[in-house]
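Shared chain: chain A. Partners: chain B in the first complex, chain C in the second.
Right after this comes the complex of A and B.
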């Protein structure tokens, strides 16, 4: 059997001001149901999607923090964040939302910070890269 | 090479659909195979038959329709389309509305995915 297709989905844009992040999360959930090795990366302004305490009620839009918090439930557990993008925006690596709980231990899972070099290597290893 | 094309921006407002179209023409000329073209985000607006640009301008929807006539699979995301008022009644000929799952299977069948977005 052919090896599992490796797909990386990258979030690069800031949330709420446009629909890109919201619709990218919809793509995430569909891709997760397919037989692929899916990894998610938050990069550039995309790291703002991981800031805790986002409340879109006064914007009159639905928001997506709850969906992001349920990624692990859909077996999406390869979730990464670019360390440099966080640093550039004065966000600490422990100042990001959890994407769900570990199936066995119930421990909260957080995106793994990656250096630019690690990210580069991981990208080269993919069969496809989708960027929003 | 087998290619999936992803179009994320609306017609006329953005270069992305023009670049995607020109890229596909060149890729076909070079003997590559287009597994399919998937329209997402505002890209869904490319395939409305209500489009009526000035006569001295390119007709973007017509161009897609002609490409579809060459057996290129043109797929609009149903969720993104519904949000933006696209349905089968106003969809151009030679295209179809389907789910994001189509994008997943296109990707699985392709060597590369080429995204035309912002």
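Right after this comes the complex of A and C.
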């Protein structure tokens, strides 16, 4: 049997200022329904999507923290964040939102911080990459 | 003059570009993704700090709230929509898109 298709979805835009992050999350949930090895990476301004306490009520738009918090429920558990992008923006690696709970232990899951070299290697290993 | 910035300083050079043209008594308003420039300690904070040496910088409250930004660079003031309107009334607007 052929190996599972490896798809990496990269979020590089800041949330709320444009529709990109919303669209990326839609695609993320669609792809999660297919049998493929899906990984999600928050890179550059995309790391701002992981900031806790986002309240979009005064902008009259729907936020997506709840959607991101349900990724593990849809079996999306390969979630990563670029360490350098966090550092450039003065966001601590332990200051990001959880993407769900572990099925067995109920423990909260957080995006795994990766170095540039680790991310570079992971990108090379993909069958396709979708960048938003 | 009121300079408005609506892009993230990490993705666009508008904040940096506008600095060259800021005169005495000019005011800068950060809104939409521009409010990320008000977040302290980043590698772009120096841009906002430079403007603050001689000019006022406001950040739109609703946009800060939407993005979960609760700490601000010292000296940056928040503005609500009413204040945004007042600023636009008082100044000629240069919108750096």
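Miscellaneous remarks
By our rule, the second predicted complex is superposed on the first by the 132 of 132 C-alpha atoms of A that agree within 3 Å, B and C clash if a C-alpha of one lies under 4 Å from a C-alpha of the other, contacts with A are read in each partner's own complex, and residues count from 1 in each chain.
The rule we apply is simple: a residue touches a chain if its C-beta (ideal position, glycine included) is under 8 Å from a C-beta of that chain, and two chains touch if they have at least 3 such contacts.
All values derive from a computational prediction rather than experimental measurement.
When both complexes are overlaid on chain A, the residue A:5 reaches chain B alone and has no touch with chain C. When chain B and chain C are set side by side, the one touching more residues of chain A is C.
In the superposed model, A:23 makes contact with chain B only, not with chain C.
Applying the stated contact rule after C-alpha superposition, one finds that A:58 touches chain C and leaves chain B untouched.
In the superposition on chain A, A:105 makes contact with neither chain B nor chain C. Once chain A of one complex is fitted onto chain A of the other, the partner contacts of A:36 are limited to chain B, with no touch recorded for chain C.
Within the superposed three-chain model, A:131 lies in touch with chain B and out of touch with chain C [touch as defined at top]. Taken together, the two complexes place no residue of chain A in contact with both chain B and chain C. In the complex of the two chains, the chain B residues touching chain A come out as 4, 6, 8, 40-41, 79-80, 99-101, 103-105, 107-108, 110, 112-113, 115, 117-118. By the touch criterion given at the top, residues 6-8, 10-11, 32-33, 36, 39-45, 61-63, 65-70 of chain C touch chain A in their complex. On chain A, the positions that touch chain B within their shared complex are 5, 7, 19-20, 23, 26-27, 30-31, 33-34, 36, 128-132. Those residues of chain A whose C-beta lies close enough to touch chain C in the complex are 13-18, 44-45, 48, 51-56, 58-59, 61, 63, 88-90.
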